[in-house]
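After this come two complexes, each holding chain A, first together with chain B and then together with chain C.
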Partner chain A sequence: MKSACWARSGRMHMNRKMDEVTYKALIVAPLLILLSVTLFPFLFVLVVSFFKVRSYNLDSSWEFAGIQNYLEVFSDRENITSVLNTVLYIIYALGVEFIIGMAMAALLLYVKEKYRFSLILPFLIPLLLAPIVVAMLWKQVLAYDGGLLNRFLSIFSLEPVVWLSPEPLFGGNLSLQQSLNMTHGFISLLLVEIWQWTPLFVAGFLVSFSILRKEIIQSAVMDGASPLRIFTDIYFPMAKPLLYGLVLLRVMDMLKVYETIWVFFGNSPAFANINIRMVTTGIDIRNYSYCSAFSIVVFLLIFIVLILGRLLLERAGRLYYAD
Partner chain B sequence: MLELSGITKILNKNRVLDGISLSITTGEFFAILGPSGSGETSLLNVIAGLLKQDSGSIVINSIDVTNTPPNKRNIGMVFQNFFVYPHLDVYENIRYPLRYINSYKTSEIPGRIQEVANLLNIGHLLKRKSYELSGGEKQRIALARAIIKMPSLFLLDEPLSSLDYQLRLKIRTELKHLHKTLNKTFIYVTHDQAEAFYLADRVAIMQGGRIVQVGTPRAILDKPNSLFTAKFVHSYYNELPVVSTGEGDVLDSEVGPLRIENDATVNAIKNAKGRITSFIKCQDILPVQTGVHAAETDNILFKATIKDVLYVSDMHLLVLDNGLRMTVLSQDYKSSDEITASIEKRNILLFDEERLLGSLG
Partner chain C sequence: MQIKTAVAFIILAIVALIWIAPVAWMVTASFLPYQRIIAVDFSWNSLSLANYLSLFHNDAFPRHLRNSLLITIIGTILATLFGSFSALYSMRHRRFSRYFLYWIVSSRIIPPAAFLLPSYLMFQRLGMLNNLVTLVLIGFALNYSLVFWLMRSVFAQIPREMEYSALIDGASKLRAFFDTTIRYSAPGLLFVSLFAGIFIWNEFLLSTVLTIDSSAQPLTLLLGQTLSLVKTDWGVLFALGTIQILPVLMFIAMILIFFRWKKSIFLQITGGT
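So, the complex of A and B:
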C-alpha cells in the first residue's frame, strides 16, 4: 500500500517535472526562432555597416571600413533631409489628427450614446484600405490635369494647383517654408495621411471618453464646472493613458510610411523619408554597407523614440475605467 | 427647507416619478427607501438639477430652484458609483469644488481642507493618490468633497452600497454622528431597510415612482399603510390569506377562526377592495410556557410542530407545520419539537389589496 503510494507520488513528481520541462520548451523554442529571425539580420546589418560591401563584392572578401560608412551617413545632406521629412511628417500629421480627432469625439459626446458608434462607422472605412490603394486613389484626386480637386476648384473659377510639387504653400519667406516642408507636395502627403488615420483618433477618443462613469461628469456639473472645464479637467486627463498609447502606435506606423511617398514622388530627395532613402541606397544604388549604417542610425533613433514613448506612458498614469 | 410639489418625470416612456410631493424640514435626516427601480435616484437627480422634471416645482430654503442650474442650488451630493476623481490626489479631490466657488480666500483653502479631512478622519491621507485608498476612505473623500462647499442640503445616493458589510455598519454610525455635527439637512437614498431606519428621522417609502408612505421609522414599522410596505420593511413575516366566515367580525384562516375585536377594522373590512390578507411579523409570534390554556389569555394561542430551524443573522427562524414562521433568540429548539406559541391580536394586521384595514385587536 505504502509502496503504491510512493509510486503514485513518484509518478506525479515525474509528471510535474515533465510539465515544467514542456512549459519551458514551449517558451524557449519560439523565443529562439524569434531571436534567430530578428537578431541574425540585425547582427548581419551591424557587421556589414563596418565594411565596404557593394553588389560587386557581396560574395567576395569585404574590406573593413571602420566608422567610415557612419561618417558618410552623417555628412550626407539627403539623409538628414529624409530624417527631417520623417519627423515633420509625424509632428504635423499627429498634431492635426489628434486635434481633429479630439474635437470630433467631443462633438459626438452630444449625440445619443446608441447612435454614436454607428455614426462614426462610415468614417472608419479608410482605415480598412491598403496604403498603396489609398495612394493611387489620391494621386488621381490630386492630379494637375483632370484631378478631382482641381476640377472642384475650377467650379469656383480658381486656378488649378500643382499639388504634387515642391512649390511653397504661401508667398513670403520661401526658404523658411521649404525648410519647414510647407510645400504643396508635403501638404498633399499629409492630407492623405490625415484623411486615412484621423478616424482612428476619433474612435480612440470616443472610446476613452465613453468608458467614464456619468456620475463623474455629474459630480463636476454639481461643482459648477463648465463643459470646457469638464473636458480639460476630467475627460482629457482620464483618457490620457489610452491616447498616449494610441499616439505611440501611430508614431510607429508613421515611421514605416513608404507607399504614398513612392506613388506620389518616386525617389525624389525633397520628399524622401527614411524608408525611401533606405530603399534608394540599399536596393537602387546597392551600397549595402552605407544603407546598413543608415539603418543602424535610424534604428537607434526609433529606439530613442520608443524609450521616450515608454516614459510618456508611465507619466500618463493608470487607466481609470471606474471608481 | 425642501418643498417638492407634483414632480413628474417620464424617461423612455416610463413614468419614473409620478406626482411626488414632499416636505422636508431643516436639519432633518430623511431617507428614501424602496426596491430598485422605484425612482429614488431619479428623484434625487431632479432635486440636484441633474435631471429636468417634466412638471412640478422644487423650493429650497424658500427659493424656487425649479429652473436653477445644479451648481447654483447649494447642494452637496455623494453618488452611488463614484467616490473620487481617480486622476487627482486626495487633497485635489477635496479642493475640486472650490475651483468654482469663491467661498474662501486662497490662503484659507488649505486650512479648510485639513479641517474637513480631520472631521472625516482622513487628515493623514491628503497627499495620497486616490487609487491607493480603500473603499471606506474613498467614500469619506466623497463626503469631504460635498462638505467643503458647505451646502445647506446633502443628497446621498446609496453611498454605502458598494462597501462591505462591516464597513457599512461603521460608516453609517459615522454618518449619523456627522449629521449631528453639521446640523444640515440630509436626504439619503437606500434599498437597505436597516440603514434607512437606523439613520433617518423620517423615511419615505417609494414604489413605482410614487411615495406610498412617509413617517418616522417606528410609525412605518408598526403601522405600514399597505401590504407592499409591510412586506418591504420587514424581513421575516407571515402572510396569511383570510376569508370572511359570513359573520362580519370573524375571519377564517389557516390557524383557525380570527375574531375581530376592533370596530374600526370591522367597518374597514366592509369596504375592503379585493383579497384580504393578514400580516404577522415573525418576531410577534412568541413561544409560551406549556400548560397555558387559551382561556387564560386574550392572545391567539396555538400548538404546532417545528419543521425546520434556520439561522438568520443572530436569530433562529422556526418553520412550523401550520405554515407559520416565528423568530426566537433561544437555541433550544430543534426540528420535530412541539411548540406552543401566542400572537397578540393587535399584532395581526389586516390589509386589502390597497391599504391597511386595521388590526385584529
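So, the complex of A and C:
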C-alpha cells in the first residue's frame, strides 16, 4: 500500500527524501536538547562525585577523592533524615490518598451519572494549581493566629493548634513519634499533599469502576454476594492495573516535592526532604562534590524503587490477564 | 435506593465544599484588606481591587508577568510541536527503539534536584544564567516527554489509512497529512498543549536556581520572594496567587464547556478508558 502510493513518480521520490530529512530534524533536535539537560548533567555529576570540587577550584585542577564523598554523605545524619522524611512522606500520603480516593469513588457510584461530573469538578481544581500557590495558601490557612483552619475549629469551640511546629502529635512516647515523623508540622505537609492529590485517586478509581458492566454486578447480587464481597472481589480487582500506574506516578511526583516544605519550614533539617537537602548543599553551600555524591545515591535509590515498581506492575498485569 | 442516593449525594456535596473552600477563600480574600483577612471577616462592602492595583503599581510585577507569559507560550509551542512530531514519527517507524522511549519518559521521572546542580553549572558556564532562553529550554525539556506520551495515545486512534485514501483521491502529501491526521487529532493536540502549558506556568524549583533578578524570573518566583519577607501581606499574596491560578481556572471552565459539547475529545485523550 505504502509503496504503491509513493512510487508514482520521481518527484514523489524526491519528496520522500525531503520528508525523511524533515522527520529526522524534527526528532533529532528535541532529543539533543533533552540530552543536554538530562544525560549530560548526569554524567557530569557522576564524574564530580569522585573528585573534590568546590566553587573555588571548579575552573582549576580537581583533586581525586575516590569514594570519600560517598563516605561523607553516608555519615551525615541530616542526609539520612532527609531520605527518611521523603520515604515516610510517600508512605503516609499514598496510604491516606488511596483509602479516601476509594471511599469517594465508591460513594460517587451511588450518585446518578448526570450529577457525577458536577460533583467531581471541585476536586479537579487543586490538581492543576501551582505548588507554590498551594503552599502559600495553606500557610495562611494553617497559621496559628488568624488562620482559616483554627478559625474553623473555634466554631466548634476547639483549642487552636500550632500546625507548623515540630511538636509531636500525641502525648506519651515522644522519641518514637519523632522518629516516625508524627509531628504537627509533618502532618500539615501531608494534609496539603492529600488535599491536592487525592482527587487523582478519586478519578482513577471512578474510571476503573465505571468500566465494569452492570450485568456482572447484577449476577453477583443474584448469587447472593454481600456489597462488601462485591467490592473486594469485583470492583477492587478491576481497579488494580490502573492503580499500580497511578501509584507509580504519584511516587515519582512526590520525589519532586519542594515548594510546600520550603514555604512552611525553609531549609530546616528536621523537615527537609531530598530536594531541599540538595539545594542546600549544592546551590547554597556550594559543596559541589558532596551534592553530586548525594545526587548519585538518591538516583540509585530511585532506580531501585522504579525497578521494583515495574516488577509489581508486570505482576499486576499477569494477574489481570489470568483472571 | 433513593435514600442511599440522596445520602451519598449530600456527603459528597459537603466534602466537595470543604475541598474547594481554601481556593474559594483565596480568591475572595484577594479582594479584602489585610485586617479583614486576618480576622476572617467577610462583608460585601469591604471588597475592593486595592490589592490588584498595588500589584500593578509595583515595579517588579509587570516584568514577572511578562516573563511568565513569554516562557509559557514559547515553551508550550516548542514542546507541542516537537513532542507531537516525535510521537508521530515513533508511531510510524517501527525502527524507533523501545529503549529510546524509556529514555524519553525517564526525563520526566528523575526528580529535578538530581540534575539541578549540573544544569546550574552548565548554564553558568555558558553565560546563560538569568536568561529567558534558558527557562524556555528547561520548560521545553521537562514537558517534551509529557506531550510525546500523551500524543502517542491520541495518534494511535487515527488510522493512517485515512491519509492513504486522501492521497489516492489526489491530495498532495502535505494536504493529506493536514486534512486527516492533524485535523482529527486537533482537539487532543489542543488539550495536551494546554496541559504542558500549565506545567510550564507552574514551574518553580529550576527557575529559582537558574535566575537572579526580575529581568528573567517568572511569576512563581515573585510569589516565593513575597512570601519570605518578614511581614507577609496576605492580601497582595492572594491577589498574586489568584492571577497565577487564573489560567488553570480557565482551563477547567473550558473542560466543562467542551464536556457538554463533545465527549469524544476526552475519550481521545484517555485512550477510551
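One rule holds in what follows: the second predicted complex is superposed on the first by the 278 of 323 C-alpha atoms of A that agree within 3 Å, B and C clash if a C-alpha of one lies under 4 Å from a C-alpha of the other, contacts with A are read in each partner's own complex, and residues count from 1 in each chain.
One rule holds for everything that comes next: contacts are C-beta pairs under 8 Å (C-beta built on N, C-alpha and C of every residue); 3 or more make two chains touch, one makes a residue touch a chain.
The structure displayed is predicted, hence computed values, not measured ones.
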Quick one: on chain A, after the overlay, do chain B and chain C clash, or do they fit? Just give me the call. fit
For A:L58, using the defined touch cut-off, is the partner it touches chain B, chain C, both, or neither? Pick first, second, both or neither. second
Under the stated touch criterion, which partner chain does A:R213 make contact with: chain B (first), chain C (second), both, or neither? first
Could you say whether A:M222 touches chain B, chain C, both of them, or neither, answering first, second, both or neither? first
Does chain B (first) or chain C (second) touch A:I67, or do both, or does neither? neither
Considering only touches as defined above, state whether A:L158 meets chain B (first), chain C (second), both or neither. neither
Just chain B (first), just chain C (second), both, or neither: which does A:F117 touch? second
So which one touches more of the residues on chain A, chain B or chain C? C
Contacts for A:G146 in the overlay, against chain B (first) and chain C (second): which applies, first, second, both or neither? second
Using the superposed model, determine the angle chain B, chain A, chain C defined by their C-alpha centres, to the nearest 10 degrees. 80
Lowest inter-chain C-alpha distance for chain C and chain B in the superposed arrangement, angstrom: 12
Looking at the complex, which residues from chain B come into contact with chain A? 45, 48, 50, 70-72, 75-77, 79-87, 96-97, 99-101, 130-131, 138, 145, 149
Which of the residues in chain C end up touching chain A in this complex? 4-5, 7-9, 11-13, 15-17, 19-23, 25-26, 37-40, 82-83, 85-86, 89-90, 103-104, 106-122, 137-138, 140-141, 144-145, 164, 167-168, 173, 198, 201-202, 204-205, 208-209, 220, 223-224, 227, 234, 237-238, 241, 244-245, 248-249, 251-252, 255-256, 259, 270, 273
In the complex, chain A residues that touch chain C: 1-2, 5, 15, 19, 23, 26-27, 29-31, 33-34, 36-42, 44-45, 48, 58, 104, 107-108, 110-112, 115, 117, 119, 121-126, 128-133, 136-141, 145-146, 148, 151, 195, 199, 207-208, 211, 242, 252, 255-256, 258-259, 262-263, 274-275, 278-279, 282-283, 288, 291-292, 295, 298-299, 302, 306
Help me check something: in the complex, which residues belonging to chain A touch chain B? 213, 215-216, 218-225, 229, 233-234, 237-238, 240, 317-318, 320, 322-323
